[in-house]
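The structure under discussion is supplied below as structure tokens; questions concerning it will follow.
Letters A, B, C and D name the chains as they come in the text, with residue numbers starting at 1 for each one.
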Amino acid sequence: MSSIKCVGVLTSGGDAPGMNAAIRAVVRGSIYNNLRVIGIKKGYQGLINDEMEEMFSKSVSNIIQTGGTILKSARSMEFKTKEGRKKAYENLQKRGIDALVVIGGDGTFTGARIFGEEFNIPIVGIPGTIDNDLYGTDYTIGYDTALNTVVQAVDKIRDTATAHSRLFFIEVMGRDAGFLALRSGIASGAEAILVPEIKTDYSQLDRFLQNEYRKTKSSSIVLVAEGDEIGGAIKIAERVGRDHPEYDVRVTILGHIQRGGSPSAFDRVVASQLGVAAVSALLDGQRNIMVGLSDRKVVHTPFNQALKNKKSLNPQLLELTNILSI
Amino acid sequence: MSSIKCVGVLTSGGDAPGMNAAIRAVVRGSIYNNLRVIGIKKGYQGLINDEMEEMFSKSVSNIIQTGGTILKSARSMEFKTKEGRKKAYENLQKRGIDALVVIGGDGTFTGARIFGEEFNIPIVGIPGTIDNDLYGTDYTIGYDTALNTVVQAVDKIRDTATAHSRLFFIEVMGRDAGFLALRSGIASGAEAILVPEIKTDYSQLDRFLQNEYRKTKSSSIVLVAEGDEIGGAIKIAERVGRDHPEYDVRVTILGHIQRGGSPSAFDRVVASQLGVAAVSALLDGQRNIMVGLSDRKVVHTPFNQALKNKKSLNPQLLELTNILSI
Amino acid sequence: MSSIKCVGVLTSGGDAPGMNAAIRAVVRGSIYNNLRVIGIKKGYQGLINDEMEEMFSKSVSNIIQTGGTILKSARSMEFKTKEGRKKAYENLQKRGIDALVVIGGDGTFTGARIFGEEFNIPIVGIPGTIDNDLYGTDYTIGYDTALNTVVQAVDKIRDTATAHSRLFFIEVMGRDAGFLALRSGIASGAEAILVPEIKTDYSQLDRFLQNEYRKTKSSSIVLVAEGDEIGGAIKIAERVGRDHPEYDVRVTILGHIQRGGSPSAFDRVVASQLGVAAVSALLDGQRNIMVGLSDRKVVHTPFNQALKNKKSLNPQLLELTNILSI
Amino acid sequence: MSSIKCVGVLTSGGDAPGMNAAIRAVVRGSIYNNLRVIGIKKGYQGLINDEMEEMFSKSVSNIIQTGGTILKSARSMEFKTKEGRKKAYENLQKRGIDALVVIGGDGTFTGARIFGEEFNIPIVGIPGTIDNDLYGTDYTIGYDTALNTVVQAVDKIRDTATAHSRLFFIEVMGRDAGFLALRSGIASGAEAILVPEIKTDYSQLDRFLQNEYRKTKSSSIVLVAEGDEIGGAIKIAERVGRDHPEYDVRVTILGHIQRGGSPSAFDRVVASQLGVAAVSALLDGQRNIMVGLSDRKVVHTPFNQALKNKKSLNPQLLELTNILSI
């Protein structure tokens, strides 16, 4: 039997669509299991500043469809210090919170791991980031929505690219990971996709674009992950434009629209599943783990492992681009 | 080494968003493998009527983002006769088509199985239906788009339901299967979900709605699969309205908007994967099978098996509704 | 100099997207003019039940993009009685509310006119209804959003109609007025549009559809306002289906999705303009009038006149359909 | 009686959503009036290169809902020369085209005016540009769609801005005109709007942002037209960031997504009206004019006048921002 009576929940790091659906699931999953539940504002900083309040079933009414996070998010420098974490722990004790659910990405779980090792508090993480770059889950919350946002944006740009027979370089988020670029590139029919995981061979890209140009003289779209080692969309577009003044080259950096918006059906369901699963995991005595979905089943991965391992791109998807852009 | 030189492709049965993305992948996957590819119009009927034409890479430009099917779809009574199928086969021979990719659902694969047994033609099926009711694949093409369409519609109805404190019964497609109702119900935060797979206990639903009504006096939304044995949204709404004249009950039947629309990122990727996989399967000597995704990997399921077995609802999702609607 | 110190605001009747933007503008417009402002819940019923609370600039933060109405809406039988209105007036006095802004349609303004004549309270109305059927304004709040909702739904249905060469009858809201049907019909490229203002000549429609069918054998879409005297989409579809068993006829009733959703840019701007204009009108000593937009300028129309006159359909738009559906 | 027998139609300059709806209306309006109609590819360049083909009712089926332009667009240097225009005119004569409809903006009409003065060919212009900066019409085709695209993007950014309490500078299109920035700013509830028409007072903006920051410590969004004399979003954001290191400042440049997308209901109707009106104007013997909408009626403005005069921003809308951002 679990001795947990009160769960704290927070969102931390970059926000992602579906975080509210996850908060809702944690809150209602807790209440369903007769636990009290406290919402902590602005991530770890709110823990330190004691910004929190009890949540009820009604507190999370009508939020499943909203972007952002009602608990707000922030990055906390103070939580990186031992002192900060001590203050945080004291607030937890004061409030009677005896378990924690943290929703976020890499940075969030790094903090959670250290905190959970230093102090006697069970913590479970829920993967919430549009980057999908977390080991231990097939999908992170927000990834599917961001994919749809990117794809809809590229669809719009395709209209104007085709009208003018232009070559577009479109930059999407992903400092270290190309998941978003790869999948949205396939889904939007991009002619080429540049990701950080694979070294971009400029002369190969150049030959490819020349072929495209000669073949169709119509629009071409290249999706570039912001972290591509070649230096982002602006740099590569400048180089291509210099080498081929005959191309009509344009750049669009999609930017922060990728983080917002009403979550997709997929993200809402994943968030609902993982939110409830996080509470169950705590009740089962789990700690220092992330809940995730693998092959559509809930799985647990220790923070250590989730942080140490790197999820790799699906090689089948990489190959798909070559086949489909002929 | 495969002896296949020319592939025919058709869409049949109810159309689904993403069919065009699948056609595109079949066409380009064929050309990539140095095969000719012929598009057949209006499903099996076009095979009988010899309505077909060769497709090229450009034939499928700029269609990945469109709903419907550029090959059109139809149900064919004639193909259910031996005579009809004979005519179809003769047309295939005349055209030099020596393999077939069929995109559709149950009915499509039933036809394919019989045709493939009677005549010496390898056939591979791609699951395309918004119902997601096919054994042998986690997701069918169109399902994710339909989910998002339903969820966005319910979001809109939630606005007006909340403004007026109403009880809405919303009917979604699904004559025999509750996949669409169940997932979209969870994603839209429905208070209750009625699916054909589970007998609806009216008195339990009644008690539940009474509790809801007393608790919040705010909006409630019940999602009903059209095939629910209680008789669809209109019937159940009438009964609830009769028993509780104090409720402000409304009904909306979402209808055919669920079949259309630009496919979601997810559906476009799945369609791209399966389209290419279908061509590969033919080249590998496969026949009379459906390609599908299981745990994100391409798998093959014989038509026989796909048609005989029934995919079941995820019990975890069924339970989720009870937890989240408290 | 106006003696008004405190404004009450309510929404009444059927809700419409953009009502929240209007509430926001009334609240901030009042505060900008150093007035207090009280939000009244559930329309006139909340006035009678004394359900109200003061609103501040922050009360209307982040609502401009939401559908529904944060003040909720309701129809009140009690307000139709002299007694009910007396109670309402006493509550206004008790609360110190000395002017009223009411957002809604016909019914709302009828109540306002009677109330404003019986008691000494200045009232200004803001036209909020998806039907656009109010004399005294070119556009009502919610109309443009509903148009876009209908058009996007018809776009989706067009996908599936084209895939199957079907004839669709799609019913849109509009019990007495065809504004929504007419404009959305033109915008979605409907082959024919049936509105209450014009008697439907069945044999003419029949000839037209036969021509269409013979010409294209492709999809046809007929938009039907729910109040068309021929009896709505179901009735007419049944008749056409009986007369032409060779057609593949379908019906979709769009229903309540038309009332919800995030308001369009147009509706948000109109709502913002009219909300501020309503407060200005009160400060200018106006009463018993509706604010509206005529030729993009704010105009005032006495309730009497707004209710007595009937806005007529634009004859140019009616003619447009015949030209564009050839 | 008009002697016109054959109309040519082209799109030129930056593309805008709704151009296809306008093409459709020109084509069907011509056929309805028993005229032949020729589609000219890539604007004036296609006229010079003789890239054109006859269009029929079916040529424009199912395009009303698409972005871009099926006729493609381009800027033509050659058409700026006398020689180029001579070649263009000879092609018109060769093809039997005796009247021209040109869809575009400023540059398009400048070319048309010169061409129409040099050669004996009646030309009517249709205003198609997302900038809405044309004198002689209340709305240009594409403006309303671009507004909705911007507003939906800002809604998404608001989600993440609020989650992190950030200050966002969002740049929208508009090199010389602030129409798009002003209306989308009001519709998205922007805290401040910077347009080229009004000199930005930096210290006033600074004070305003400080107030905002102190008051709410929540998100603030400033919309900046790309042509603002202060130098675009990046420059102003850098300055504010330098002066206030305590703000969390971000920039997003919306870019080319603003040009694409399925046109809004409003744009489709305007495009349909103006397309038909352009053909009528030609048949009425008009030439060298632009058709436009003023107070919802079709009006004609000579190219000379349309090009010489500058449309001014609505001062009421400018004031609205101050009131609504309190």
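Going forward, a residue touches a chain if its C-beta (ideal position, glycine included) is under 8 Å from a C-beta of that chain, and two chains touch if they have at least 3 such contacts.
Remember, it's a predicted structure, so these values are computed and weren't measured experimentally.
In summary, the interface at C-D recurs among the listed pairs B-C, A-B or A-D; the equivalent pair, sharing over half of its contacts by residue number, is A-B. With centres defined as mean CA coordinates, chain D is found 35 Å away from chain A.
Taking each chain's centre as the mean of its C-alpha atoms, chain B lies 39 Å from chain D. With centres defined as mean CA coordinates, chain B is found 28 Å away from chain A. Counting partner chains per residue, chain A has residues 155, 158, 162 touching two or more of them. Contacts between chains close into a ring here, every chain touching precisely two others.
Chains touching one another, given as pairs, are A-B, A-D, B-C, C-D.
Contacts from chain C toward chain B in the complex involve residues 11, 14-15, 17, 66-69, 72-74, 149, 153, 155-165, 168, 250-257, 259-261. Those residues of chain A whose C-beta lies close enough to touch chain B in the complex are 24-25, 28-29, 31-32, 57-58, 61-62, 64-65, 138, 144, 147-148, 150-152, 155, 158, 162, 183-184, 186-189, 216, 218, 262, 264-266, 268-269, 272-273, 276, 295-296, 298, 314, 316-317, 320, 323-324, 326.
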